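Below you'll find the structure I mean.
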Amino acid sequence: MGSYITFPELLIWLPLLAGIICFFTKGDRAARSMALLFSLIILGVSVASLFYTDTKFVNFNAVNYYYPNNLGNTFFVGLDGTGRLLTFLTALAFPIIFIATYKSNYKNAASFFGLMMLTQSGLMGVFCSMDALLFYFFWELALIPVYFLCSKWGGEKRIQATFKFFVYTFAGSLLMLIGIIYVYQHTPDRTFEDGTIAAHSFAISSFYNAALSGTEQNWLFWLFFVAFAIKMPIFPFHTWQPDTYDQSPTSVTMVLSGIMVKMGLFAVIRWLIPLFPLATVKFSHVVMILSIIGIIYASFIAILQDNLKKLVAYSSIAHIGLMCAALFAMNQLSVQGVMIQMFNHGINIIGLWIVIDLLEKQTGVKQISKLGGVASKAPVLTIMLVIIALANIALPLTNAFIGEFLMFSGLYKFNIWYTAVAGIGIILAAIYTLNMIQKVFYGNTNSITESVKDISWNEKLILGFIVCLIFVIGVYPQPLIDITKESVTILLSKK
Amino acid sequence: MNITTLSFILLSVMAVGSAIMMISSKNPVYSILWLIVVFFSISGHYILLNAQFLAIVNIIVYAGAIMVLFLFVVMLMNLNKEMEPVKNQRMLLIAVVSGGSLLLVLLSALMKMDAQMPVQMKIGDQGLISNLGKVLFTNYVLPFEISSVLFLSAMIGAVVIGKKD
Amino acid sequence: MSNFLQIVWLIPILPLIGFIINGAGRNILSKAVSGFVGSAVIFASFLLSIYVFIEVKNGHSEVVHYFNFINIESLKIAFAFKIDPLSSLFLLIITGVGFLIHVYSTSYMHEEPSKDFAKYFSFLNLFVFSMLLLVMGANYVIMFIGWEGVGLCSYLLIGYWFKNNDYTNAGKKAFIMNRIGDLGFLLAVFWLISKLGTVSFDEIFSQVSLDKLSLADKTGITLLLFVGATGKSAQIPLYTWLPDAMAGPTPVSALIHAATMVTAGIYMIARSNILYIMAPLTQHVVAITGLATAVLAATIALKQNDIKKVLAYSTVSQLGYMFLALGVGAYTGAVFHVMTHAFFKALLFLGAGSVIHAMGGEQDMRNMGGLKKYMSITHLTFLLGCLAIAGMPPFSGFFSKDEILAAAYANNPILWAVGVFTAVMTAFYMFRLYGMTFLGKFRGTQEQEHHLHESPAAITIPLIILAILAVIGGWIGIPEIFMHGGHRLEAFLEPVFRQSNAIATKHALSHSKEYMLMGISVAAAFIALVFAWNKFSKYQKSETVSTGFTKLLENKWYVEEFYNAIITKPINSLSAFFNNIIEKKVIDGLVNGTGKAVNYGSRQLRWLQSGQVGAYILLMVIGILILFIIQLFL
Amino acid sequence: MDIKAYIILALTLFTIGIIGVLVRRNAIIIFMCVELMLNAVNLLLVAFSKMHAMSEAVKASPTYVSDAQIFVFFIMVVAAAEVSVGLAIIVMLYRNTHSVDVNFLNRLKN
Amino acid sequence: MNAIILSAIWGIVMMFSAVFIKNKSVPKYLALAGIALLFIANGIELNSGRSFFNIDVHGMLHTNSFNLTFIAVALGCTAMFFLLNGRDIEKTGAHVGEYFALLFFILCGVSLCATFNTLLILFIGIEIMSIPLYILTGSDKRNLKSNEAALKYFLMGAFSTGIMLMGIAFIYGGSPNATFYIDSIQLGTGKLPVMILVGLVFLMVSMSFKVSAAPFHFWTPDVYDGAPTVFTSFMSTIVKVAGFFAFVRLFENAFGAIHTQWQTLIVFILISTLLIGNITAVFQQSVKRMLAYSSIAQAGFMLFALFALNVRAKEGLVLYAAAYSIATIGIFSILIKMEDFTIDGFNGLSKKHPILALSATIFLLSLTGIPLTAGFQSKFYMLMAAVENGHHFWVVIVAVIFAAISAYYYFKIIQAMYFKEPAEDFIQTSEISNGFRILLILNAALIIVLGVYPELILGWLYH
């Protein structure tokens, strides 16, 4: 064990290394290139991991270092299907972000890219951890660089907005920490390779075998769930999100909305449901109702939202709400849908942010009411946006359709009325998306949009790539399904 | 009522009375003098309990050395007048009420003890100088030595704080 | 397994290729090239469709399976096409009419800049692609892909002149209303998945599956599917988008909003006929909704002055007719009417387009009149179209409409009566339209008059072809009473509706009765026709403000206003309420309130730290007191 | 005498000391009140030592009984050291402010 | 044992150095040598279990790997303190040698508090820690704040001594063995004699006072604020954690068996400490005063050791002592260099002194309890202990909510350093040497190392 470097390790350490190197790189261009180079290498590793890892959860490719501590926690990382999908998303997102914002100039670029890579490392860690404490570590670690990124390079009200975000998530994760400790106290003995026995263990296998009564599960469920709900975010824990998305630098917003919100869903899949199966069943209605309220509520707010970034933020809340609801429906269709939708949503929303970033950079405004007529100035940009936005509202033959279709059909199996109400979200999504397209891109140009130029090569490249991905997955989603199939079955067997 | 009880009551009344006088005297010098009276009556108690060594040390160290030091300081500062212009009646009330209730709470709890626990009066040799001395320099040699550190620091304190730069 | 059917994937792929070529090359391609590419791919598809149609006619129906779209344990969705009489017929209509309209468009859109011209053709191709997917899909999901796809193309084409806010609004409205319907469609699909675990037509319509579904299931599923159909095919209550959709270029209106897309709902119900026939309640709902829509739209059409609006309402009305047919179980009749309607409505729209073209964009009939002498081909073909839609024998409309009315009578005479009433109105408003446009004197400006001309060949040739079809198209469905075996369409479609026909209770009408019904309806329509002809050939502009019932009709029963009040406004105010009150005050207020409470507490608590030793010790004593009380007395 | 009498006495003196600390504003007097509290403790300790002297179990090891009195001795030692430092501080303050009134000590607050 | 005697001896050496050596910087090096000696001597004792001095202490001291490790932590932190702040101690006043002597005497008291086995040694140890602190607090003689702080500290300290002695008296009176030895007070597990209970409460009050737990914390903000900043740093870290160690040692050995009977009191103290410490800190404008309140808040977390009183709690306490002390010493050493002690004084520090800002950030993150820092590990151990304890689970939840609030004020400084612009022409800090920077980085690195590998300290506990 641990005698050779494995994929999860590479995925965690490479970004960390890259981050440190970026910090010490002199010159903005060099740091930028360095970050891009490393992110591409990591993408390569991730792609390789898709091919070379065993899909079976039981034999997941795990590194299990014994790290001499009487607590019985280890540096225990591994990749199962879900993990591989999300690490791949993470690995894919960063080069996309770097290329799309290649022309942005950041003050102090070395620190910026360093922190970005550290964020990636933290995210990879979250998705690879097979040890509860390690998971908590990375969970927080992913947050810290993001805090600095947002506060340093963000918009006008960045400090307050980011701090709200930070305290909110920090409070949530501390509750989870208590939960982790409590579960830990109820785990069985663990024998390490060298024969030492720890009374309890943080390893995922021990956690899954923790002896928890129904009542214990009930309140532990909420301790964990609140942390995850804040991260996702689920109504009514979502208010940090629009402000943060609004104020963060766009590349960080992409990380936040594309990947970090998936941490919450991932955590529910990896930890919450298998740990507290009884409570999951018991509270699934509560969670789903909250999620569905969130869908409708956020969609409604998005309709009159004038701030482009907040609009996307609310749309993201609605989408995540759907994923969360589907997850708790706990059947093969819905969970499978969530799995691939996590990936798809990540891709789509990053695409949206790229377009919004371009618009904001060129016009300096993000108020929908101040824009207009962009289509006649920047047709390619418009086409890209329209495709991505329509993918975002799950038009058939785009990637999100597959996910939403599966999620809805799973949800329907669970409860008809939830599906019907959540389905209203589909209509509302069409309303706000089309409103946005109409007001920003259609109509006549005004003094602000007069000078908008169409996109340049790097944006074309990246948006084109995203659009291709949207269609490829939309037409042939099977590979994506195959990656996670096994995980779904295992998750459902925990029920 | 035997003589022991009588002297106990007498000394107690004296101690409590002088203590009250001490905290209520406006002139600091009077306060010091009343405190010395308290110390004397406590020494009386020690004698009643046959703790001769402590009785003497109390007189010498407390009444003799410490209180004289206080007196010096008060004189030095020329505080032998009524220094406190306004007496805060409300503070007095709050203090007496809270102090009194503390006493009440403690006593009501402690007086519930059923067992009679008599105190050995006038006899017993534990309090004799020879016995204490033996114990102090054998069993208690460590604290004894260590308290020198205390005095050293007190000394340094006097130097650091008292010496003019 | 016949290998030639393996190539049917080419039919949708060709338009897709056209879309990609035109879309990607819109900056390079000249108008001629993009117009040619756009039309050629459709023509190729059309040829393939004919080939497929012949194959099918020879009995080679089959499901062509390509790959697994979604493949999970509990749900397998194949990417497969179902080639059978129904779909092959629709293929012909779509590619055939589509091709004509493409050709028409090359001329009609010629004044657009070449970039937009290419964009137009790419969208049109994309539409054909989606429509083909819709009809070819072998399961509800593939159908739904096309279903949403056509909605999208409709949105894009309505908002083709995207600088005009009204146009983009109309597009948006179309898309959203369609989406409401789509939700119903999706829910039905989910229902099927949850009950049967499959979406494939063949599996669902098999006896095994049908037995698994209870009556409630069938009713629910069919009702939800019908909701989808009301959205796509503009039925009550979701019809209001279609008249607004006339904002798009006229060929688009002809293709999408008359001939093809709007009939998707009928196609879908016809496809699911077995489910519907087994859900009588739904059948009633479909019939009544269809009929109500037919009447409502017809009444509105009576007082419209915009030439395209009249046609749009007429389309809604005719679609209502088709739903009536579906509702009474006359599936063949519905499909028949889809076909004839595609011919004559496309013709009418294209004719209207030709008129508008000549009028320099003018659409108000009050400013037209007397165009007969300027545009003879357009006039003639238009007249044929009007006669066809009015149900005059032996034009195509007569046969299909008659079949529907007969079936309606068999079901319930009241349905028939209302149907005839609608037919009368149809004849009236169509000839009002005809009269106001082509007869009388020209009422437009001098400049317009000067500009009037017959349209070029690219426009007139499709008109002529469509006019021929509008005349003879009905002859494939000649009723039994005229000619034994004359209803070749019924025979052709028989395999599709075989199951339903077995279940449906046939009320055979006696021949005399049938003749009588036919006579009544034709006569009534003819009277209305003549009346309208007389009245509107002498039409003069008048400034009188209409009142009462007329005003109600002119304002389309105030349905728009009603929807505005009960849907649009509440949505907006709810949005504002959520955003301003709940989000900012309540939830964020709670979150920020926590922060504020901490700050406030901080400001208050620090007064404890008064700086006074006495106070500190007092607080300590109180602390001691509390500890003692806890320890000793609690 | 019963130990209760001594407990009452010692606690009374102790409480008087506390009240003195609370009501007086002269730093020296406050300090003296603390000394009074210490003396109350001393008295109580001695009384306890004599109480334990009556207990058969404890009598067996006589040094144990002296513990309390040694402790009192150490209390006095510490008190003496404390006094020297305390008075030095008070004098220092007096030098700077010409006052020993603790109520004027409010530069540090909140 | 080694530490107690050597620190007393070295205190005297320092005292004489003040008399004989006039060069002001020599005492610093002498003190460093002394602390190194102490550390090594203590290390030898910890490693081999044998002391250099063979004195019969009659069981009054009890050394084991636990308290020796704690002493090692305290000595290590003191060494760090000397290294970082040596020059600032020189600047405080004329009596450099004396200051160091007093600091060594305090270390003697710390060692006594860590190893005491009778109430007498505890009492003397606490006094040895306190009396030099009164002096050090007042060492800035001209500064009225320093004077005031010293007097307040002294008066309240003396008062708490009285309380403590009363407690000891009652324990003695209530103990059937008539003993001051904490491990032989002999309590059953049943209902306690009321005298013991009274004594226990008095002791708890006075120990709470020493560790500045609410509602006996009132001296803390004023004294920490008024004292010269170097000494605030020392007293808020090493002295305070020693007080905690003594607190836990006393209550574990003397009253551990009846833990549940007094746990409610600890809950009360713990909650009020967390409440007052965290909430009041939020509004503070002066970083120094804010850190004073933060130290109260941290005390609230350390009280979990008493709340839980199990093995994990004791491990956690040692870890907490190290993590808290290292971070606080670090942040104070930076604070001392600042010209303006308000939060605004930190504005834009990252631009002028990135290393200072970075290490300050690490210290603050550690104090907040972010993973990868020692602060997280220590808080984690405390929470583990508290959860393991099984009673009053809600307290743990309240505690983490307060931990989240603590982020509020710690991050204010981070925000100021990184995201705000400094005022024009503002001299932010006094001169900063490269050596100081290196030491800061080392200090910060130590926090990270402990955060990843707490075994570094915990491993010694069971040596």
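As written, the chains take the letters A, B, C, D and E, and residue 1 is the first residue of each chain.
Quick note on the criterion: contacts are C-beta pairs under 8 Å (C-beta built on N, C-alpha and C of every residue); 3 or more make two chains touch, one makes a residue touch a chain.
What you see is a predicted model, and the numbers here were worked out from it, not measured in a lab.
Asks: What is the minimum number of touch steps required to go from chain A to chain B?
Replies: Minimal hop count between chain A and chain B: 2.
Asks: Show which chains lie in contact with chain A and also with chain C.
Replies: E
Asks: Within the chain touch network, how many edges lie on the shortest path between chain B and chain C?
Replies: Each step joins two touching chains, and the minimum needed here is 1.
Asks: Which pairing of chains gives the most C-beta pairs in contact?
Replies: By number of C-beta pairs in contact, the leading chain pair is B-D.
Asks: Measuring centre to centre, with centres taken as mean CA positions, what chain is farthest from chain A?
Replies: If we average the C-alpha coordinates per chain, B ends up farthest from chain A.
Asks: With centres defined as the mean of C-alpha atoms, identify the chain lying farthest from chain E.
Replies: C
Asks: Taking each chain's centre as the mean of its C-alpha atoms, which one lies nearest the mean of all protein C-alpha atoms here?
Replies: A
Asks: Rounded to the nearest whole Å, what is the centre-to-centre distance of chain B and chain D, using the mean of the C-alpha atoms as each centre?
Replies: That pair's centroid distance is 6 Å.
Asks: Hey, how far is the Cα centre of chain C from the one of chain E, in Å?
Replies: Their C-alpha centroids are separated by 78 Å.
Asks: Quick one: report the Å distance separating chain A from chain E, using the average Cα coordinate of each chain.
Replies: Distance between chain centres, rounded to whole Å: 42 Å.
Asks: So what's the Cα centroid distance for chain B and chain E, whole Å?
Replies: Whole-Å distance between the two chain centres: 32.
Asks: Among the residues of chain D, which ones contact at least 2 other chains?
Replies: Chain D, residues with two or more chain partners: 3, 7, 17-18, 21-23, 25, 30-31, 49, 51, 65, 70, 74, 78, 81-82, 85, 88-90, 92, 102, 105, 107-110.
Asks: Spell out, as numbers or ranges, the residues of chain E touching 2 or more other chains.
Replies: 120, 124, 127, 131, 134-135, 138, 141, 150-152, 155, 159, 194, 197-198, 221-222, 408, in rising order.
Asks: For chain B, which residues are shared contacts with two or more other chains?
Replies: In chain B, the residues touching two or more other chains are 91, 94-95, 98-99, 102, 106, 109-110, 113, 139-140, 143, 147, 150, 153-154, 157, 161.
Asks: I'd like to see which chains touch which, written out pair by pair.
Replies: Pairs of chains that touch one another: A-C, A-E, B-C, B-D, B-E, C-D, C-E, D-E.
Asks: Can you list the residues on chain B that touch chain C in the complex?
Replies: 91, 94-95, 98-99, 101-102, 105-106, 109
Asks: Which part of chain B faces chain D closely enough to touch in the complex?
Replies: 4-5, 8, 12, 15-16, 19-20, 22-23, 28, 31-32, 35, 38-39, 42, 45-46, 49-51, 53-54, 57-58, 61-62, 65-66, 69-70, 73-74, 76-77, 79, 83-84, 88, 91-92, 94-96, 98-100, 102-103, 106-107, 110-111, 113, 116-121, 124-127, 131-132, 135-136, 139-140, 143, 147, 150-151, 153-155, 157-158, 161-162
Asks: Taking the touch rule as given, give the residues of chain D at its contact with chain C in the complex, in rising order.
Replies: Going by the criterion above, the answer is residues 18, 21-23, 25, 30, 102-103, 105-110.
Asks: Help me check something: in the complex, which residues belonging to chain C touch chain E?
Replies: 595, 598-599, 601-603, 605-606, 608-609, 611, 613, 615-617, 619-620, 622-624, 626-628, 630-632, 634
Asks: Please give the residue numbers of chain B that touch chain E in the complex, ascending.
Replies: 106, 109-110, 112-113, 139-143, 146-147, 149-150, 152-154, 156-157, 159-161, 163, 165
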